[in-house]
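First the structure, which I've put down as structure tokens, then a few questions once you've had a look.
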Amino acid sequence: MSRVIIVDDAAEAVADTPDGAVVLIGGFGSAGQPVELIEGLIESGAKDLTVVSNNAGNGDHGLAALIREGRVRRMICSFPRQSDSWCFDEKYRAGELELELVPQGNLAERIRAAGAGIGAFFTPTGYGTPLAEGKETREIDGRGHVLEYALAGDLALVAAHRADELGNLVYRKTARNFGPIMAAAATTTVVQVDEVVAVGSIDPEHVVTPCVYVDRVVPVTRTLAPTVAAGVAR
Amino acid sequence: MSRVIIVDDAAEAVADTPDGAVVLIGGFGSAGQPVELIEGLIESGAKDLTVVSNNAGNGDHGLAALIREGRVRRMICSFPRQSDSWCFDEKYRAGELELELVPQGNLAERIRAAGAGIGAFFTPTGYGTPLAEGKETREIDGRGHVLEYALAGDLALVAAHRADELGNLVYRKTARNFGPIMAAAATTTVVQVDEVVAVGSIDPEHVVTPCVYVDRVVPVTRTLAPTVAAGVAR
Amino acid sequence: MTTTSSTSALPTGIDRDALARQVAADIPAGSFVNLGIGLPTKVANFLAPDSGVMLHTENGMLGMGPEARAEEVDPDLVNAGKVAVSELPGASYFHHADSFAMMRGGHLDICVLGAYQVSARGDLANWHTGRPDDIPAVGGAMDLAIGARQTFVMMNLLSRDGRAKLVPECTYPLTGLQCVSRVYTDLAVFLIEPEGVVVRDLFGIEYDDLTALVDVPLVDGTGR
Amino acid sequence: MTTTSSTSALPTGIDRDALARQVAADIPAGSFVNLGIGLPTKVANFLAPDSGVMLHTENGMLGMGPEARAEEVDPDLVNAGKVAVSELPGASYFHHADSFAMMRGGHLDICVLGAYQVSARGDLANWHTGRPDDIPAVGGAMDLAIGARQTFVMMNLLSRDGRAKLVPECTYPLTGLQCVSRVYTDLAVFLIEPEGVVVRDLFGIEYDDLTALVDVPLVDGTGR
């Protein structure tokens, strides 16, 4: 009897999200974005959220819709501005949303550190730039480094490809992106998957996220992915 | 044309190791220990080595033999003393070998940091203990942390299960242990494998060590593994 | 530290198997658990097969099974004590940095460790006697001690010379500060709580006799 | 910054494809390379199929292939620009922390980036105009700039208003310090070396005319 719970309804899986929660949301643009879970989060009514995600929403679905509905007080991300980030752009320009901009690798490493029990780390990325202003710096082996702190979530929403009934996960291609590190960095991790398979169906050598990091699994039939536009943004 | 080189002879693969090199050696006890590469290193004649490995050799083969031959000036490890570590014990008690003892998780994380370009990190492990004496400490989120620095190698010797002709690696079971992080943390990484397969034979989702971390691959027929003794040590 | 040898014969409590059974009974179904080498390894023998407890071994595996039978021995599949083990359905393998991230990041519910000493505030000493002729070896002890959500210690309450190993302050080199939450011994189970050290169970000894053995203020929780 | 508009018509050098071909020709066979979004992406079109150059994309892949044809489009397989791409034999996938570890750890031989400005000592500005009405976005630019063993910049030498983007000191917000090793432009290729900024190639412009355009001391390396 593992502790993972398989929930059929995305809204039910995130219904207990409190106002003010820090929510880690996987995905790089649309790839790996847990759209159905985010729609469940909108249904939950939770507001004043801090959202940690690489981007700040694409088009009108998923994270973009959460922002449009005014649920996000603060975005921590590396690349908010994209050709289809109009929901974010509007809220940001209206001053209704704070932005903490973090270089993508520091964002990933801060999330990884939270899951790994590392309090903080010295990274060369960003040294000498405006994004390191006010931060502690140190020269290590002749190179400038910036001190960055772990970034943990109350809730992580992740899209994986397949889960077994214990919650072991595998991903598909570049949709893996932030999923494994976010799953490890949150108090509660909810994962949407294309399918749930029997225990033993995933080779132990191929598991990417061990079940210890997963609290709830929601099988979903993915809605049509937004059109992949050319040359948008990183 | 990838840059990985497939070398048939283990001795040839490590023949250029200079005296005084820092050598990362994979394995946890005998599991994943690159015995044939270490024997090649003994043949190379390199001496005054600093060896980073979880243990300090088992029985009379591999790392134990390297130590017995007097090639190791300094061991950085977490668990030197085992029921079958007589080669190390003798050199250590004779004062012919320095020991830097590092908690196993800090050892792994320091190696990982070297490969990941992280200069140093704050870890709670070891805080308040003799192994943190003289180290910088800091309270983060109410918890004591110790600053630990990245630990890089000139050479890494790793045992994997299978490589493709580009050098992508997969491992077997708990023989994976330090392999992936050591492969990424050294200037030159030499990997012994049970077999080399054609490019495309390893599913890109299953690659554990991407080929960018591998310089030389040596197919070996493993010599008989030492008897697995019960209840030895961590 | 002065010798405080007891005046009477040493009490005898429960044996090692019974102690392992006690610990196993306190591990909730579905927990993720790391069992240290030595005595704690025995706990696995008393976990109900349907408990869904998943065992972590720090050398890179979750879902570890029992020791391998002779014909199953695989040199690539060992536990933290380097003993050949087996793999259960739903297992996963990962490298050492990921394995210790799992531990240090607080993802394991319980680890069970042996000890030389535990202090009244939960400090642990279990890696080094401190004797100058000993070769020190720490392994994953420090990571385990501070990493799991709860650290249980299993040990005999008394050393061979009759001194309690639950002490006001550890005299052996420390493994971790304030990390132990429970101490399972042959004579009693102690809970390290904010109010102090609470005695939860007694095995073949009276409460007053126990307090005479241990130089730490105790709270009687046996009637709770 | 004062306007230093040139008195003559702007020179015309090589076009974007020819520039991409120049960069591609300088990438050694078997290199591991990250091509930034925008202009650098074009370099892939001019890498010889048998060069064995492996492309890294920071969203978690090594061994990226060309843009996906319509029937191949897979929403789970995109590049850093979120464009659908393909997978080559020998590819591998990994998560974001591992992907940036690969970059930051110095494992990529070359990254090619666009730029607003590059300074004479190799400082790079390419992520933010600094205009107050702009929404800042950095993505992986800072990690790439300092992570690869060599950072090549591709850009037009002159901005639309005729000012050189190779400058004594960057006035735009910085991406990284002293990280650029070469600057490929439509008019010249510059090497940022200890001795200074060396002009290696000229495209449709005389050396003296180039020095008049650029407010940075140059070393003529065209005859080397």
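We call the chains A, B, C and D, going by the order they appear; numbering starts again at 1 in every chain.
Heads up, the rule we're going with is that a contact is a pair of C-beta atoms (placed from the backbone, for glycine too) under 8 Å apart; a residue touches a chain by one contact, two chains touch by 3 or more.
Since the model is a prediction, treat every value here as computed from it, not as a measurement.
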Request  = Using the touch definition up top, find the fewest steps from chain A to chain D.
outcome  = 1
Query = How many hops, at fewest, get you from chain A to chain B via touching chains?
reply = 1
Selected interface, B-D versus B-C, where C-beta contact pairs are more numerous = B-C
Key: Centroid spacing, where centroids are CA-atom means, of chain B and chain C in whole angstrom   = 29
Ask   = Which integer distance in Å separates the CA centroid of chain A from that of chain C?
value = 36
Task = Determine the centre-to-centre distance between chain C and chain D, using the mean Cα coordinates as centres, and give it in whole Å.
result = 56
Ask   = Which chain D residues reach two or more other chains?
value = 61, 87, 93-94, 97, 100-101, 103-104, 147
Key: Overlap residues in chain B, where contacts from two or more other chains coincide   = 109, 112, 116-118, 123-124, 171-173, 204-205
Ask   = Classify the inter-chain contact topology: is it line, ring, star, complete, or other?
value = other
Ask   = When you check every pair of chains, which ones turn out to touch?
value = A-B, A-C, A-D, B-C, B-D
Query = For chain C, which residues are in contact with chain A within the complex?
reply = 29-30, 32, 50-52, 54, 56, 61-63, 87, 89-94, 97, 100-108, 147
Chain A residues within the chain D interface of the complex = 28-32, 54, 78-82, 88-89, 92-93, 99, 101-106, 108-109, 111-112, 123-131, 144, 161, 171-181, 208, 225, 228-234
Ask   = Any idea which chain B residues touch chain A in the complex?
value = 109, 113, 116-124, 138, 140-141, 143, 145, 149, 170-173, 204-206
Message = For a test of understanding, state which residues of chain D touch chain A in their complex under the given definition.
response = 36-38, 41, 57-61, 67, 73-84, 87, 93-97, 99-101, 103-104, 128, 134-143, 146-147, 173-177
Remark   = Listed in rising order, chain B residues that touch chain D in their complex are 1-3, 112, 114-118, 164, 166, 168, 184, 199-200, 204-205, 207, 210-213
